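In the two complexes that follow, subunit A is the common piece, with subunit B as its partner first and subunit C second.
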Partner chain A sequence: MDSNIRLMKGNEAIAEAAIRHGVDAYFGYPITPQSEIIEYLAKEDPFTKRNGMVVLQAESEIAAINMVYGAAGCGKKAMTSSSSPGISLKQEGVSYLAGAELPCVIVNVVRGGPGLGTIQPSQADYFQSVKGGGHGDYHMIVLAPSTVQEQYDFVALGFDLAFKYRTPLLILSDGAIGQMMEKVVLSEEKPRDNTVPDWAIVGKTPNRERNYITSLFLDAEVQENQNKRLQKKYTEIRQNEIRFEEFMTHDAEYLIVAYGISARISQKVVETARNQGIKLGMLRPITLWPFPSKRLVELSQQLQGILCVEMSAGQMVEDVKLAVECKIPVKHYGRMGGIIASPTEVFENFKTLFL
Partner chain B sequence: MKRVLPEKYMFSYQGDGDLAAIGTGETIHTCNRGENIAIFFINNGIYGMTGGQMAPTTLPGMKSSTSPYGRNLDTMGHPLSLTEMIAQLHGTYYVTRQSVHTPANIRKCKQAIKKAFENQKLQKGLSFVEIVSNCNSGWKMPPVEANKWMEEHMFAAYPLGDIKLPKE
Partner chain C sequence: MNEEILIAGFGGQGVLSMGKILAYAGMMQGKEVCWMPSYGPEMRGGTANVTVIIGDKTIYSPILQTFDTIVILNQQSLIKFESAVRTGGKLFYDSNGLKTLPTRKDISIYHIPATAKSAEMQNLKIFNIMMLGGLLEKLPIVNKKFIEQGLYKSLPERAHNMIPLNMEAFSIGANIVETIHEI
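Moving on, here comes the complex of A and B:
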């Protein structure tokens, strides 16, 4: 327990990060391939054995997200996790959290769909994650980890951003990263911080007005103003929080855009291509919303084509096409339903599509 | 389904994680409306499919992957018996609790299942058959031991027998 380097599953890394970052409460409901998050928390029992963090198994995903709404309204660091079918159930709650401007972290360890689908990894929840998912004009900040270390690190980063902008934030993982084991460098355990933001519901004290948390504004003008506030915030997030990583892009003539587990596979594809003298590079969006569109536009000046590698029928590829305004060819390659493409398969398809 | 295909026999086959947790609302209202169907409720005190997490029916002190130190009633709530709850609703016609761990119990359970379908044929309304079951993989016990544990512990919390019989 003392060593700060550990071999962990992606799901366990999220759970340990929550405890070490001083998260106040986790509410969840079991679903494969992410049940290790709640199981790890149950075993660690931080409420009695570590720092008093609340861990509760709810009766459903809907109950869990509404518990997050309650705890977040109290100004606490609250989080939940699930996998695709369960995340769909949470969407009403997510929209309410966005409308009421409540910070929280939600983790989706994506599995193949639609419907009950499969328990194998997938990236087919991209649209749901970045385009809204629930009703109304809102966005979540979406972080896409591609290593177990990032699963760990993005919990802290996620809460920092969620509280900075008072917005729900999604960690969009997948069944492969959730289940695989890698080395993780752990941070020091932070004590939980009992101070809460001034907007939090903590019971009215005599020296201030009461705080009120709602997503209900019946007067259309008031509702429009609330929307304008949200849009202003989203503009600010677009300006300040775009994150991405580049691999061999300096002289690239072709580019792969991939996130999460697909980026791990695509990195291998880039290496293979380079060994054969093909100038291929990769851009890995770390924030899927906001999307690194500007950087893609810059890179597109030197490119002859872009390949989006996603485990879906082609979702992020639409944002890439929008970014470069289809001025250069943008293609998609992906497997669906829980199948992970091999580097060889991606490379062969890249060659057929572009060379 | 029953409303759109009323001439067909309809039954649901549900676990405790399904019927007593995520589906509690739907279960109660289906029973309350007295839908002319049969519900078969397999109570093994655990979420089997997902790898042995705590269910609403998990017994006090019982270990599961999300109650590794045993179910703590103060923080995790009490075992929930939906069967007794729905028996109180006007919409339920026949409510019984059975098991299938001995040939005699299998015979009794068969009778209960048959009765549930007969009730449906006669348009009597909702029949609810709980079957107390084991889950040797989830309970981490050999099958014989799991049956013994079920008899000693599960039947104490979930006693076998008819709970609501039609008033003839």
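Moving on, here comes the complex of A and C:
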């Protein structure tokens, strides 16, 4: 068998992807259900045994995100990962990264909350991820993997997009995808690239203006110009980077909108419905920000109703309602607190709500 | 078709690793595989279960309420999961520690006395691979030669000297599985 095909946990796939993609540094602090990321990296020890990637367990989540800020400011590919409570701790740093326009990848393997919550999977961090968990007018690009293969692939995609737009990027996973094992096709290992972007802080070089990285602009006019610059960038991202996947939508009369593990569950629901002659389809946003609103509007012309399946009290459902301007019924079904709805349960609720 | 399997028992019985060996073997045979553990507080003592899906089709939901095949390794799991076998499906159990036995008539039921047999061989660690041998005898979804390769992949190198013994246990499992009733 091809040695580049492996059976991996979602968390391990992220860690291996970081090494193979030539990421310069990982800073993290363990928390269930994502500890396998730092565990795998520590075991692989890429700094001494592979390509020199730095792996460091920081003293806290806050320290880790600020290490990412420092490394990113030097033009390095830096990443961190955590789970919900730890991601909350990182939010100040995330806002600073957005304000200073620094690229990085942050992984959130979501668990149930609020507070310290539970260690079981959840999708209740949607608002925090797409509406800005930190302060100020900013967005992160948010990628939502639904397979272990995507956990692997989105690390490379994440860094490409983060550097293209000089923005922090979030991979919004969940405890189920992080813990489950699936077949992964690995890419060839890339050597780390020592060239740095021209905006990076690399020490004073003669014959050029100094680079300056900050998120502090005391003059309100300067700050507003910075805000306009960010908004222009977000418009560009909205135009170019919306990603989604459709499943049996061609003749669909009803649509499920779901991401991550809920999308996997919903595929099974669609299959069950189709076997019973119900024309159900699914749209899976891959980018949660920017959100595939335009495609939803197009699809809504043929639809009688939309069901949002999320492991939360209903968060993404608001963006779906905004997209279709409530012109058709939009309902939500979800479980909370670490409980995952089974396909049977979702299908029964779909029938109760719409048929 | 994809085969949707649940293995349920106590933490420490080798439930998760039994599923992992099965998933590795399936992958090496070129199949689609998914291994979804219960990773909650139960793995720190108490019940543990794992869903393994193997087949030729894209795997949709790793979260399921009913299964094609369920392997039952303790009383709690029998109570909780006997009803979760789909009509026409298969239930495998080891009677050790069971106060009641499965009663359904619309599914095939098989007994694998793996605890007793592995105790007789004075090595309870080979219990789970013996169960796997019995399971694959009646549910040949992966080729046996890939189980050995799966063991090499899923066991740490220090345990590789145990693989011949495990393969012996696997064969014994295939021999001791008894059909309670088949549909």
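Everything that follows uses one rule, which is that the second predicted complex is superposed on the first by the 353 of 355 C-alpha atoms of A that agree within 3 Å, B and C clash if a C-alpha of one lies under 4 Å from a C-alpha of the other, contacts with A are read in each partner's own complex, and residues count from 1 in each chain.
Throughout what follows, a contact is a pair of C-beta atoms (placed from the backbone, for glycine too) under 8 Å apart; a residue touches a chain by one contact, two chains touch by 3 or more.
Predicted, not measured: the structure shown is a model, and the values here were computed from it.
Asker: Given the alignment on subunit A, is it a clash or a fit between subunit B and subunit C?
Answerer: Verdict on subunit A: subunit B and subunit C fit.
Asker: Look at A:T235 in the shared chain and tell me whether it touches subunit B only, subunit C only, both, or neither; answer first, second, both or neither.
Answerer: Neither partner.
Asker: Return first, second, both or neither, reflecting whether A:N225 touches subunit B, subunit C, both chains, or no partner chain.
Answerer: So A:N225 meets neither subunit B nor subunit C here.
Asker: With the two structures laid over each other on chain A, which partner does A:T352 touch: subunit B (first), subunit C (second), both, or neither?
Answerer: After superposition on chain A, A:T352 lies in contact with neither partner.
Asker: Between subunit B and subunit C, which makes contact with more of the residues in subunit A?
Answerer: Of subunit B and subunit C, more residues of subunit A lie in contact with C.
Asker: Based on the superposed arrangement, let me know which partner A:D45 touches: subunit B (first), subunit C (second), both, or neither?
Answerer: The first partner, subunit B, only.
Asker: Which value in Å is the smallest Cα separation between subunit B and subunit C when the structures are fitted on chain A?
Answerer: 10
Asker: Just which bits of subunit A does subunit B share with subunit C as contact spots?
Answerer: In subunit A, residues 32 are touched by subunit B and also by subunit C.
Asker: Could you pull out which subunit A residues touch subunit C in their complex?
Answerer: Touch residues, subunit A against subunit C: 1, 5, 7, 32-33, 119-120, 175-176, 179-183, 261, 264-268, 271, 338, 340-345.
Asker: Quick one: which bits of subunit B touch subunit A in the complex? Just the residue numbers, please.
Answerer: Per the stated touch rule, the residues are 17, 21-22, 24, 47, 50-51, 53-54, 56, 65-69, 75-76.
Asker: With touch defined as at the start, can you tell me which subunit C residues reach subunit A in the complex?
Answerer: 20, 23-24, 27-28, 32-37, 39-41, 59-66, 153
Asker: Quick check on the complex: what are the subunit A residues that touch subunit B?
Answerer: Of all residues in subunit A, those touching subunit B are 29-32, 35, 38-39, 42-43, 45, 47, 56-57, 59-61.
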